[in-house]
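There are structures below to look over.
Below, chain A partners chain B and then partners chain C, in two separate complexes.
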Partner chain A sequence: MSDPVSALGGATFEGFASVREIGPLGMITLRAKAGTAGLEAAVHAATGCALPAQRRIVRQGDRAAGWMSPDEFLLILPYGDVAAALAGIAQALQGQHHLAVDVSDARAVFRIEGAKADQVLRKLSPVDFDRLEPGELRRSRAAQVAAAFWAEDGGFTLVCFRSVAAYVMGLLSTSAQPGSEL
Partner chain B sequence: MSTRLKSGGRLIDRSAPVEFTFNGKRLRGCAGDTLASALLANDQMLVGRSFKYHRPRGIVASGAEEPNALVNLGQGPRLEPNQRTTTTELFDGLEARSQNHWPSLEFDIGVVNNYAARFLPGGFYYKTFIHPRAAWKHFFEPIIRQSAGLGSAPKDRDADRYEQAYAFCDLLIVGGGIAGLQAALVAGRAGARVWLVEQTAHWGGRAPVDGDVIDGLPAADWVERSVAALMAMDNVTLRLRCMAAGSYDHGYVLLDEKIADHTPGDGRPKHRLWRMRTGKILAATGAIERPLSFAGNDIPGVMLAGAVRDYVVNWAVSPGDRTVVVTNNDDAYRTAIALHEAGLEVAAVIDARAAANGALPSRARALGIRVETGRAIAKVKGGKRVEGVEICLQAGEGSASSSLPCDAVAMSGGWSPVVHLWSHCGGKLIWDEEQAMFRPDPARPPLHQDGSAMVMAAGAANGALRDALADAHAQVNIALQALGFAAASSDAPAHTVPDEAPLEPVWVMPQGASVALRSKMWLDYQNDVKVSDVQLAAREGYESVEHTKRYTTLGMATDQGKLSNINGLAVLADSLNTAIPQVGTTTFRPPYTPVPLGALAGEARGEIFQPLRKTPMHGWHERNGAYFEPVGHWRRPYCFQRAGETVHQAVEREVKNTRQALGFLDASTLGKIIVKGPDAGRFLDMLYTGVMSTLPVGKCRYGLMCNEQGFLSDDGVVARIDEDTWLCHTTSGGADRIHAWMEDWLQCEWWDWQVFTANVTEQYAQVAVVGPNARKVLERLGGMDVSREALPFMAWRDGTLGGFPCRIYRISFSGELSYEIAVPASHGAAFWEALHKAGAEFGAMPYGTEALHIMRAEKGFIMIGDETDGTVIPQDLGLDWAISKKKADYLGKRGQERSFLANPDRWKLVGFETLDGSVIEDGAYIPDHGMNPNNQRKVQGRVTSTYHSPTLGRGIALGLLRQGPQRMGEVVEFTKRDGGTTKARVVETVFFDKDGEKQNV
Partner chain C sequence: MLILECPYCGVKAEETELSPGGEAHLKRFGPGSSDDEFEAYMFARKNPKGVHCERWRHAYGCGKWFLAARCTATLEVFGTYLAQTAEPPAEIVEKIKAKRPEWKGYS
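Presenting the complex of A and B:
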């Protein structure tokens, strides 16, 4: 079998902030209503993280759990560990109404880094970055497409759909053009 | 003549000369000049021609309100028409050309309109172009189009880039004059998140020019100190060259920031459009001076008094050696004093009031300036520039008592607050009798979603022309309290300005002016609307100010009536014998000044104009001759062209090869939605017309989805994954819509059903492996049993192929032996290449969407969007077999029972074979006998899909025909674009392999 290839093969751009496509990253969409028995155990089994509160993302090493909606969570983990994590979730939520699917390949992931990384996103997303708290996950848009992002490690991690990866890369590099600092 | 003074000029740097051209003439200015001040410094008084009469036009103002001095700026890919010279900062190499004249600015043929002015009265367009009707299209419209518009439209692609950015703040303060600065200081100290924006390149507004003293400091020093203090505050953002274009509901504001207008080509974005969400908006937008309406008030050299003062003090430019100041207020005396102090001659101050004894007139008299009260200008003498004025009594009819030679006239009719941001979102105005101005009515502000005031006006914008600082201090405290911040404990700084006597409203000068004089009194300089035009409109019954505006075109030019509106409606009120507040104002609409379309488009141009969705194999397609077509936001290969091949030839080859050997289709765009839960089966039974709950695990079933009205909305194959999980395929363009449709029903109607959905469309790359050799290539890849027994038609299995984890659906949209194989998208490109490698010996070729369409049409399979258009129900398409008769309900069932949809006369799907083998034209109709009530030919059907079938070697078509299935064998006629018809026989919808033997091997 071939090695998994991310949408843009790790494209990068250096402007007043640096942009790079990362991944492939393991991702699971977990849908379950709050209070479902075993939900916390399932999230913990897959990521080692506690159940995230509303609009939060919790991280443990290279794994994270994000709150996407009242009955949806985004679990992030190494690409190769997804199958095992899905098995762990199935076990923890056995007999409980839930849905867990591998969406690793459906996504493209970017890192925007540098002291002015926030300015790149301020041009694309109607989000108040002054008030974006550490550990806050925002589901918003980047110009014309859906995007989710959060701040970590001195930059931002942005997730979008795989098919529009080139569009988002175009947006991020255009916004990071030197001379266009806000 | 206008010229540069030897000394002074607070905004210019004489040591930094700047070269520019005007109509090709090389001129010099200084860094810090505006284009207007630089033109005046070069004695360029004549800068353009008016729109209708082509009258000579000079610079009137010094800011955003300028109606006259508009130019074509730059050229080629940087050409911008209608640029105001007064707000254009001068830069080295600037190229400006004047507008609306032919052949030249000095000699303009169009000026004959001026002499024909009595044939071009208000409402001229309406009166003239009504009859005869035919003349409009062939004669009037082409001429009007030719002469319309001032500047020339850019033809090249814009060389600059633009961007947008989002911002949030507690308080947006618009206007960087002393009111705005004071408000920002107070709000900044209170800890609010503050934005202070100023449309010009300088802080301080008018106060430094007018000689205000604040906190014991000259205004300019106080401004400098305040800006430094604000810069030190982390919670305050300062932006120059940033114009608040409009305010909208919920505290939304659009701001246009000019970043590189004055440094073109430096690589920065030209403009940035800020999209801002504010807590409150403080409009400290100042006031605009009004012209006076006297005969010849449009001759170059007649300027606003405040502007004359600006040019002298800010840019050391004198509009003339000898100036007459004409006024109805004390403020204009500042101009007389400034001119005098600059060593220039003030011929006289003509004051319409009976007496002028305030502090400023007294000071002027003490300087030896001649002051004439109770007087007016009867007319200005001159053509392309002012030569003198005739003086008369303001109370009289305009017979001149004396004449004064001069080369400039500085006029002031009082000041009007800039209330645009207040008014954009519904703030109301009151008429201030004493100051003769409309100002914001604090009792009726524009409202926020919580009912509180959204905008506060402050300073001159609030009508506080003299107490701007104190008013801003008070207003910002109101805003801060409303936002939950503590108000300032200290008072506003001491602000010393001379006392001023009240103005006297003067709307026509002299008040009893004859028709001849009133016909030369300009209200709207750009659109050539005069006092006589508004009076004519009133006489003709246009009582509403909005009607008068449109009838006369008053205030409809690019300046949107910043100078003309109040004067115009005052004249209208007078003509109607009513009070000004009864007439009211026209509507204030954004933008305050024009915003470039480029800024509104932002980053959305070129490659990122629109998101293009790409499959994992997109790069391979690009490298292998794909001819793309848009499908939703996807780009899908229509066909793969080989060297020397036309598109049509490529499609024919792909169809034949797939039918005879092996074809690969990138089907990754197909929608894939997982539906899971104890109620999932019941849910799908409601969504689809057929039954999905009974589908065995491991099997596939074709399904149709309808909307509530019963019309066909989407189709696709559903696979049962396990006991409570289904996977629904949707059309390529329909995945997001159908996913949203599912969630809508689950969240809003059946919220208690236990069902979860997930759109996994992009998780998988999907390939249709189609043709007689399909099984051979999969067996060559190896890894799982793909035999007829192990993987029968309409079944699916998980496994591996060539080492790739995959799920294979044994389904066919072509009638051939066909496998649709889903692999994780990250392996899609590699899998696609592996297929091609393994398929080479079996004659594999990729095929595109057109071959897909032809093959499905040969088999009579419908396509959503071809056979359906939102008015077609499944029964129309002969799909009754896919509709469950047993189910109590499904979405659309009730709709389909309505009499019209159940009518046996409906157009139904049949096949058509042309008698001569030709291809029926796309969109062709089948005419019927007789005419409908609109005298149009009746129709009895239409074509929905029409192709040349490479397999059968002739034209085939699907179409809807009234009672079609009952008319097998009948010959009908299809329309052709050339007027003729194509004869075709009604046949069954399946043209090829009617028994389905090929797919089931």
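Presenting the complex of A and C:
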């Protein structure tokens, strides 16, 4: 099998905050209505996390489970473990109406780090970062494209579609230009 | 700027995160209806200056459709509610009536 390659090959930019593309990261989109029997077991089987509450992301080591919409969850895990996790989900939700898809190669993931990391995103998203709580997963936009981000380990993790990875890297780099602090 | 709170994810979403979906609470006229009824259902839309119930989609967020009652002239928002609602909830109707006594209802 060919080796997984992230969208930009780990591109980095050092400005007033540091921006780097991370990945490849395993990601599963799990769609099932809240209250579906076996949903908690499925999320636990794939990530070891509890079912996240509204707009929350729960982390357990290198795995995480995020709330994307009332019937959608984003499961993050090591790239190589996706197939096993999908099997675990299928088993836990057997007979229930659900959808679990490997979207690892459909996404690009960025880390924005540094004391002023929030300023990089403040310029790009219509989000009140002062009210963004720790562990809150916010889906919004970065300039013209959809993006989701959350605060973590003294920085932000941002997820977008792989097809717009270069655009988002350009946005983040421009936004992090030294001297352009807010 | 218009800010609507998405009733599904609780985000106070700014206008650019949303897509407009036009008038809410349309009654469908399908097969078996008269041509006039179908034409009105298909094309005729209210365009009030004042209170209006609208459909919005949280496009850059959870992706869900919801409904909002707002004033088109002042951008005052009276409330947002789930799309699976056949008519505006009572508390929103009360709020509108308190502030706009001349309002004649959503239909």
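We take it that the second predicted complex is superposed on the first by the 182 of 182 C-alpha atoms of A that agree within 3 Å, B and C clash if a C-alpha of one lies under 4 Å from a C-alpha of the other, contacts with A are read in each partner's own complex, and residues count from 1 in each chain.
As a convention for this text, a residue touches a chain if its C-beta (ideal position, glycine included) is under 8 Å from a C-beta of that chain, and two chains touch if they have at least 3 such contacts.
All values reported here derive from a predicted model rather than from experimental measurement.
Shared-chain residue A:P126: touches chain B and chain C both. Of the two partner chains placed by the overlay, only chain C lies in contact with A:R138; chain B stays clear of it. With both complexes placed on chain A, chain A has more residues touched by B than by the other of chain B and chain C.
Judged by the touch definition given at the top, the superposed model places A:P178 against chain B, while chain C stays out of reach.
Once chain A of one complex is fitted onto chain A of the other, the partner contacts of A:V5 are limited to chain B, with no touch recorded for chain C. In the superposition on chain A, A:E113 makes contact with neither chain B nor chain C. Using the contact criterion defined above for the overlaid structures, shared-chain residue A:H98 touches chain B, although it does not reach chain C. Chain A residues 126, 128 lie at the interface with chain B in one structure and with chain C in the other. Residues 8-14, 16-17, 60-64 of chain C are the ones touching chain A in the complex. Only residues 54-55, 68-70, 72, 126, 128, 138-141, 146 of chain A touch chain C when the two sit together in their complex.
Chain A makes touch with chain B in their complex at residues 1-2, 4-7, 24, 29, 31-32, 71, 79, 97-99, 101-107, 119, 122-128, 130-131, 143-145, 161-167, 170-171, 174-175, 177-180, 182.
Against chain A, in their complex, chain B makes its touches with residues 161, 163-168, 193, 266-269, 272, 275, 277, 602-604, 607-608, 610-616, 633-634, 674, 676-678, 754, 756-758, 760-764, 800, 803-805, 824-827, 829-831.
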